[in-house]
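In what follows, chain A forms one complex with chain B and a second complex with chain C.
Right after this comes the complex of A and B.
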């Protein structure tokens, strides 16, 4: 009996460590290069103030659109926020913010405290629309051109490097 | 220069650790006391690692951007305080802090445990130094804070303003003392297994270290929550985020451990259970570090990641886990607990069950998404509803046991006076009814939580009266337990009585809700150097008490670039916090205001501080008795 318990305990730990190891190697698997140069998916997402819907037509109007998924409860979103604020000053780029699984008053506070970098603001209360974009966790951002092609996808908070990259692309 | 000096000191520490292991090993084979040289080596080790850390601080202070770590995390114009805090506000610097805590605890443990067997002390020292070596290698070959960058940048990237907060400057060191401090009883547990040192006195060698780490861990978690409340600014203070959970897991294990130690010390029971908890605590600390630093939870919360870090920590973690299991299996002997079902021992065991239940719940919630992702490719997230649904109903029963346990006697208890408990319960229910009658009603679960919290508070307070009579007052326990009761009570009341209102309001207009009125009395336009501000003057009036508060939220208009920002006004008092934001509505005279009332926030923080005060009192009284 004791032997069985010992083997079970060992097996559980091996299993956990194994999963951790797989996750580590998967981390690199979760790169988003497979998404680039593909067409952006169809979507219809309600604007933050419930006044209208955004669709792919709204993206076609702009040379470049950066879709940014964010929430007030997400700490790294706060970290990337200054970069979004900086990006909001650039011409040629429209930023569509998608407020992800958030509460409206809290999202408003977030923007009122840190500034609102978004030209268009939508919300995805239950996170279902974001799944279409392969959003895994937030923050994530997707750069799309006029032809609805995904140029690049950024997982995690945008860095200064990403900022420079985006500027290079849109100029 | 600083880079070379730092690297030399790191190498010196590797040599010192190896020397300590060698000297301790040699000393094991000869009779007599612990060799004096070992003390000296250990002291030099602690000193040199501290100097090494000061070298890094110096690099941050003088903004030496030839170091990558300084370049990535500092800026020459940053205030001095945040330059210094930036030293441990990043991965590399914080690992150096790990090494310091490991070394200092190693030295102090050696010094303060002179009454324990030499073999046990030396082996603890050897194991601890193996841990230190592991971290030194990690620092040197993977996360070296003294790595150079060339050409030398003229300016650093800076630390995000949101992280430049006093609470965030002290939060990491507090937590590190907590969970890195757990390393010393991990080492002691291994040494105890190897040397068969399983007498009661083993508990004396570790109990203060458990208390120290527990106090710091609790404070670290508290400061993190306070930061989240003020800085993230939407009134919450705990989000069940994986990174927060990572700090909570060792806390449960520590709490279980120091309760078990009481039984072990008094009754010489639970030896192997104590050992397992010692091993689990530090293992969970390293697991938490792995989850946070490796980036496997990256998409949810954590910052930039580096898979090689993860591999290193995972190897380290595996060696720790399988080494401990192997040893434990070899040494494990079945213990026969002949416990009376109604005794203090049993109640403490029940405490441990609850702690294990919470630990497993939070652990599962934290790693479950990793498992589903790896096994089924299904990406899910486990959020607050899961934890709230599982943890809170169980808290009710936990609080009741927490009230009964300390009153029980060792070996065989008899609840002589059932009437007292019925009286306390009646009191708690009465108070709960009073709250509902005078204020408002709430859900059934909230009722149970409030009643059980009150039950614990009243019964702990009655213990004081009883103990005063016998002149045997256990301050530490009473303060901690009462404060825990208050903590649950305040969190419950805060949740029940929080108020949130959203209005569109015009100048001069008044809005009324519940017992409050809000009036937008004035709007003032002020010019500042780089922005204009519309400052609202809003009066919040409690209609019943006629008490008024003026809050001044702002809308700021920056010229270059043209941006609008909204500044919230927060008024904190002992009873409640008011929180107000204001924003303009395009092409209209109306302003949108959001008002929040969060009662008893300050008391939530105070309760946690009092819990730690209880722990510290126990620590000091232990130290005095020794």
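Right after this comes the complex of A and C.
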């Protein structure tokens, strides 16, 4: 009986140590890996000029589509803007810009001052469409291929490393 | 007469089931969803932009007739299991759910055998 008690206590001790070790070494930062290699969600989003709607059919037409969530009030969006401008010059990639919870005049000024990298421009006034894409802050970008598979999700402003990564994928 | 009785029963139960469907409480759902941009707050506690948007989406999903579990599933699908305070039962979380029961059984057995030995 004494032996069983000792073994049980040792087992519990090792188990607790194991749980602590796993918990302390685990990466608790928000990770988008679970969201990639999934099919893009169904969506219907109104164009910036209210003339039509964009759906998944518009993504199917292109080899690669980069959906970029942005706003004029978002400072990091200004940081990533030159990269988007560079990406807009590449072939094989269509950029769908989704103006997120923004005011139209400010958004227009933003694009006229910094340039318009977007092939397609839509707006998400109340942010509800962004939830479909798992967006929780902007800027965020999602690279989708012709088969509607999410290849990569970029949380935060796009960096030059991200730019090179995108170029590698689409070429 | 019988027909009327069955008709009444049908109306009663159809109304009852309709009432059950309508009892999805948005506040309860908000309490069980984590605000991803806040420090340890639920969607219910937070006034952040993200929380406001999630509240709107939850309202829409309820209006669409989605159940509480379907709403949690939708959110987990979009933001991962981290968004729900109560994790779903799946292969990854199975230990988390089963372990307390195992501990209870083993603990009970341990106490029982200890007391028996003392007697």
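Everything below uses one rule, namely that the second predicted complex is superposed on the first by the 142 of 171 C-alpha atoms of A that agree within 3 Å, B and C clash if a C-alpha of one lies under 4 Å from a C-alpha of the other, contacts with A are read in each partner's own complex, and residues count from 1 in each chain.
Please note the rule applied: a contact is a pair of C-beta atoms (placed from the backbone, for glycine too) under 8 Å apart; a residue touches a chain by one contact, two chains touch by 3 or more.
Quick caveat: nothing in here was measured; it's all calculated off a predicted structure.
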**Request:** Look at A:160 in the shared chain and tell me whether it touches chain B only, chain C only, both, or neither; answer first, second, both or neither.
**Result:** first
**Message:** According to the stated criteria, A:10 is in contact with first (chain B), second (chain C), both, or neither; which is it?
**Reply:** first
**Prompt:** Which holds for A:20: it touches chain B only (first), chain C only (second), both, or neither?
**Reply:** first
**Request:** Tell me which partner A:126 touches in the superposition: chain B (first), chain C (second), both or neither.
**Result:** second
**Request:** Quick one: classify A:75 as touching chain B (first), chain C (second), both or neither.
**Result:** first
**Message:** After superposing on the shared chain, does chain C or chain B touch more chain A residues?
**Reply:** B
**Request:** Determine, under the contact definition given at the top, whether A:109 touches first (chain B), second (chain C), both, or neither.
**Result:** first
**Message:** If I apply the document's touch criterion, which positions on chain A are contacted by chain B in one structure and by chain C in the other?
**Reply:** 30, 136-137
**Message:** So in the complex, the part of chain B that touches chain A is made up of which residues?
**Reply:** 157, 160-163, 232-234, 236, 239, 241, 290, 294-296, 298-305, 307, 310-311, 314, 317-318, 321-322, 325, 329, 367, 370-371, 373-375, 379, 381, 500, 502, 561, 563-568, 581, 583, 592, 594
**Fill in**
chain A contacts chain B in the complex at 6, 9-10, 13, 16-17, 19-28, 30, 72-76, 78-79, 82, 85, 88-89, 103, 105-106, 108-116, 136-138, 140, 155-157, 159-160
**Fill in**
Note: in the complex, chain A contacts chain C through residues 1, 8, 30-31, 34-35, 41, 101, 126-128, 130-134, 136-137
**Fill in**
The answer for chain C against chain A in the complex is residues 36-37, 49-50, 53-54, 56-57, 60, 78-80, 82, 106, 110, 113, 117
